[in-house]
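Letters A, B, C and D name the chains as they come in the text, with residue numbers starting at 1 for each one.
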Amino acid sequence: MIVTSGAVLGATLGTIGLALFATFCGLLYKGFDRKIAAHMQSRVGPPVTQPFYDVSKLMIKDTVQPERALTWLYNAAPIISLASMITVLLYLPFGGLTFTPVLSGYGDLILLVYLLIIPALVMVAGGFASSSPFATVGAQRKMVTMMSYEFPLAVVAIAIAWKLNALYPGESVFSLAFIYSHPLWGNVGALGIIGLLLLFFSLVVVTPGQLATVPFDVCEASPELAEGVVTEYSGRNFALFYLADAVKTVAVGTLTIALFFPYDLSPLIGISGPAGYIIDFLFFLLKLFLVVILTITLPRAAMARLRISQVPTTYWGIVTGVAVLGLILIVIG
Amino acid sequence: MADAPHRENKVIDEISSKFKVEGKFQRERRIWVATDKESLIALCEFAKGLGFEHLSAISVTDWPGEGTFELTYHLWSYSERILLTIKTKIDRVNPVIDSVVPVWNGSAQIHEREMHELFGVEFEGNQDLAPLFLEDWGGPPPFRKDFDWRDYVREREYDKANERERVYWD
Amino acid sequence: MSMVTTVGVLFKTLFSKPMTVRFPYEAIEIPEGYRGEHELDIDRCVSCNLCAEICPNKAIEMVEMPEEHKQKYPKTYPRIDLRKCCFCALCQDICPRRCLTMTKNVFLSTPDPSAVIKNPMPREGGQ
Amino acid sequence: MSEKESIGTEQIEPLTEEETEYDFYFGPAHSGSGNFGVKLRVDGERVVSARADPGYLHRGFEKLMEYRVPMQNAVLSDRLCILEALNWNLVHAEAVDELTGVEVPKRARYIRVLMAELSRLQSHLIWYGVISLALGFDTGFKMAFGYRDYVLDIFEFITGGRVYPAGYICPGGVRRDLPEGYQEKIMNLLGQTQEMMEKIKDFSNIVFARRAKGVGVLKMEDALRLGATGPVLRACGMKTDVRKDDAYEIYDELDFDIPTEKEGDAYARCLIRDKEMEQSIRIVRQILDRMPEGKVREPEKITPPKRVKIPEGEVYVRNEIARGEAAIYMRSVGEGEPYRVKVRGPDFLHMIPVLEHLLQGSQIADVPAIYWSLNICPADMDR
């Protein structure tokens, strides 16, 4: 795969564009999430643009560094976590079918799953580096959560790839562009549909684990660990972690859409050309909004936090069982 | 409680038969017994036997005039539904008394620890009399009558320049 | 399953009116008898000093009037230091002439420290 | 780099194998603990031992009360624990009444119990809010404090202050009569509280129950030994309530029953609170039906501090407040100010002996659940 200068230019422009879009969209969706969670609790809640105020305020605050921290790792962790999050975006298909991922040819689903680990891993390293007992316990818990949700995530990826391979032998089934353009709902039997639903359910349960929102926010459980992993972070460092979290919300949401709802609106209503692109893009944003509400806001308002000992049992026990069952059903269906 | 005074008097008679103390029936469900320092532990064990298993509070009243500390043990019996208060006087200069932790272990220990910190009463037999509220407090036990906290604070913190503080001090 | 009822309640609340009130724009009406800022009707005050005695925090002090009002109000009148006051209204209850009363005004935060000392002012002078 | 010599990695001595325990401070500057600290000796996630570290809210109430007249002490008494200011007002007012031997008018006694029960109601709502925050259930916390505000509106309407009634229940009765139209305001408040209690039942879903069940189990004999009282003791199965055993005010004329549980764990303590809220609503309803007419305070006017005299004597008054048994020992030698006041708050026993006993051997994740299931309030422990 020779790399032409045009591709490099396209990639850099794509990266900058995507990074801006994802941060803006991530913060906006976090604002929606807080607003809707507030109304669910019969209160008014902050304005939708509150995350933007938060980040801008954090940017102007100065960073306080603990004396016993491992200075280089402590400061590098937020930067790496945001950078790795943006690289994840390059492999994700945004917008409708017409927008192929920026680096579509160079990576695929497996790479994506591993890239998603880096931000969490770096946050853990930052937690250990800040050497506060709260952060240390928070970091240990983050590792436990990471190990637990990787398993069902892998099962979901393999199940879909296996089915695609069965239907279209010889294609590069792991490439996201391919997955995106061949939805599975149409061509699986009745059992397959149930299998896909089970897989979708397990991916929905994995998302709060990845984003550390209730019921899996054991790593920054405020009543126990006073902000947990990010206890010692403040000012710009904390702002970078906050942005990485926002971008991760968008990334995980887009992954869910890519795997399960890659449909477009424009062919249905028969508009093509630039108008179709815009409609597809807006439809994509709507889908992302619904996914974010379903996976983050609803559990946040409805459930209490799990104990750290319950997190692995839930993931390895129930969620993986559901995912494997889904896999079997797809195989038969 | 139809037979109100009868129950309380029955308890008083039982106590005064065993110990030479004069019990006072104040009102329904309230008995006050004064005893001397030596027979305190025996009386407490006897009271616990009678059913007074809830040690509600231990309080110390400071009588600088008589030069004594007066300790009051407030005991409640869930079965009899009566409150028995045992009072005893100890010398004020070196206030030492046996600890009731063997009788009510658990709640007695923390009450005594507080009274030790605020009045300086030595409870023999209570191992953990560490400071409770007032960490690294330099002055004398603060709740004694002769400790005038206003002078203590006036020398240290009263800054004459601040006009608003004048009301409190002069 | 109880989780379904929880989600049901959440969606019902989502579409009903929130309990919270957006304070600067809408406000819950403060009832009568609320213990807020003091108001002194200086003409009926006989300076019996009861309010200064009963005040638990010694927030009230009896002071002479400034020169220009001295001949009209020769006695001493209560000066209230709002920073010490805990708004318990004991002074209002004990005042035999009911001339020291508490209004409903609780918006007392002010940047300038001198505004917190309420000196006794004649009525027409206004607070 | 700051010019101060900062500790590089080589100076941090590595933890040897057996020394895997380290100290873990839960509070006081901590989002989950109020102004009270617990020093936990932790091995990984397991708490080896706990040592309470009180004193952050010690204002020396007992000494302060020795320099003030009973009316001023009444204002002071609602700061003993602001989460249930009116209950503490009642304890102090009764102590002074018993010393002075004043015959409190009938209407004042009814108003006193009415306000005490409303204060218990809002204190239980805070309890539900805070324990659901400790378990991570954010909706419960926000809704509980929302509905508690309706109770505060009633306090504002009757006593003139939302959180601080400023000695509304004072020696001799209450400071003001009930304003016009209090009946239907309180009736629709009870409706709103019932609405919240339905929501509490709907919200007790699997995740909430799973976090609290079997956590912080307290056996009955430990509870008695460590001096636990009130809901903590009733959750272990002991059927006792100071309002029934040592009846004060008009509780002997009201009928209500005492809910008890058996397991004695955090979830049982939560169930006890829900049942007690129902009982409180029942009491308030009975009082509203039988509110007599008449004066509201024995000496109508407040006697000036110089001429106040408390007759010589000593008294020990016990009340059942939301957290447990609250008591005041008041000793007077005939002057205007009490000679000695000993305040016994229920949390003094719940937060040091009981908490240290329960935290031993628990998980870090359970510490807030245990901590807040005892409904602790550092104010009436430190005094």
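Observations
One rule holds in what follows: a contact is a pair of C-beta atoms (placed from the backbone, for glycine too) under 8 Å apart; a residue touches a chain by one contact, two chains touch by 3 or more.
What you are looking at is a predicted structure, and each value in this text was computed from that prediction instead of being measured.
Between C-D and A-C, more C-beta contact pairs join the chains of C-D. Farthest chain from chain C, judged by C-alpha centroids: A. Averaged C-alpha coordinates give centres for chain C and chain D that are 28 Å from one another.
Chain A and chain B have Cα centroids lying 62 Å from one another. Mean C-alpha positions place chain A and chain C at a centre distance of 53 Å. Rounded to whole angstrom, the centroid-to-centroid distance between chain B and chain D, based on C-alpha atoms, equals 23 Å.
For chain D, the set of residues touching two or more other chains reads 139, 146, 205, 207. For chain C, residues that reach two or more other chains under the stated contact definition are 3, 6, 10, 19-20. Among all residues of chain B, none touch two or more other chains.
Of all possible chain pairs, the ones that touch are A-C, A-D, B-C, B-D, C-D. Here chain D touches chain A in the complex through residues 1, 4, 6-7, 9, 12, 22-26, 30-32, 42, 45, 132-140, 142-143, 146, 205, 207-208, 210-211, 363-368, going by the rule given at the top.
Chain C meets chain D in the complex at residues 1-3, 5-6, 8-10, 19-20, 28, 30-35, 50, 53-54, 56, 86-90, 93-94, 102.
Note for the complex: chain C touches chain B at residues 58, 61, 81, 83-84.
If you check the complex, the residues on chain D that touch chain C are 68-69, 71-72, 75-76, 139, 146-147, 149, 153, 156-157, 160-161, 164, 166-167, 175-176, 179, 199, 202-207, 301-302, 304-306. By the touch criterion given at the top, residues 3, 6-7, 10-11, 13-14, 16-20, 22 of chain C touch chain A in their complex.
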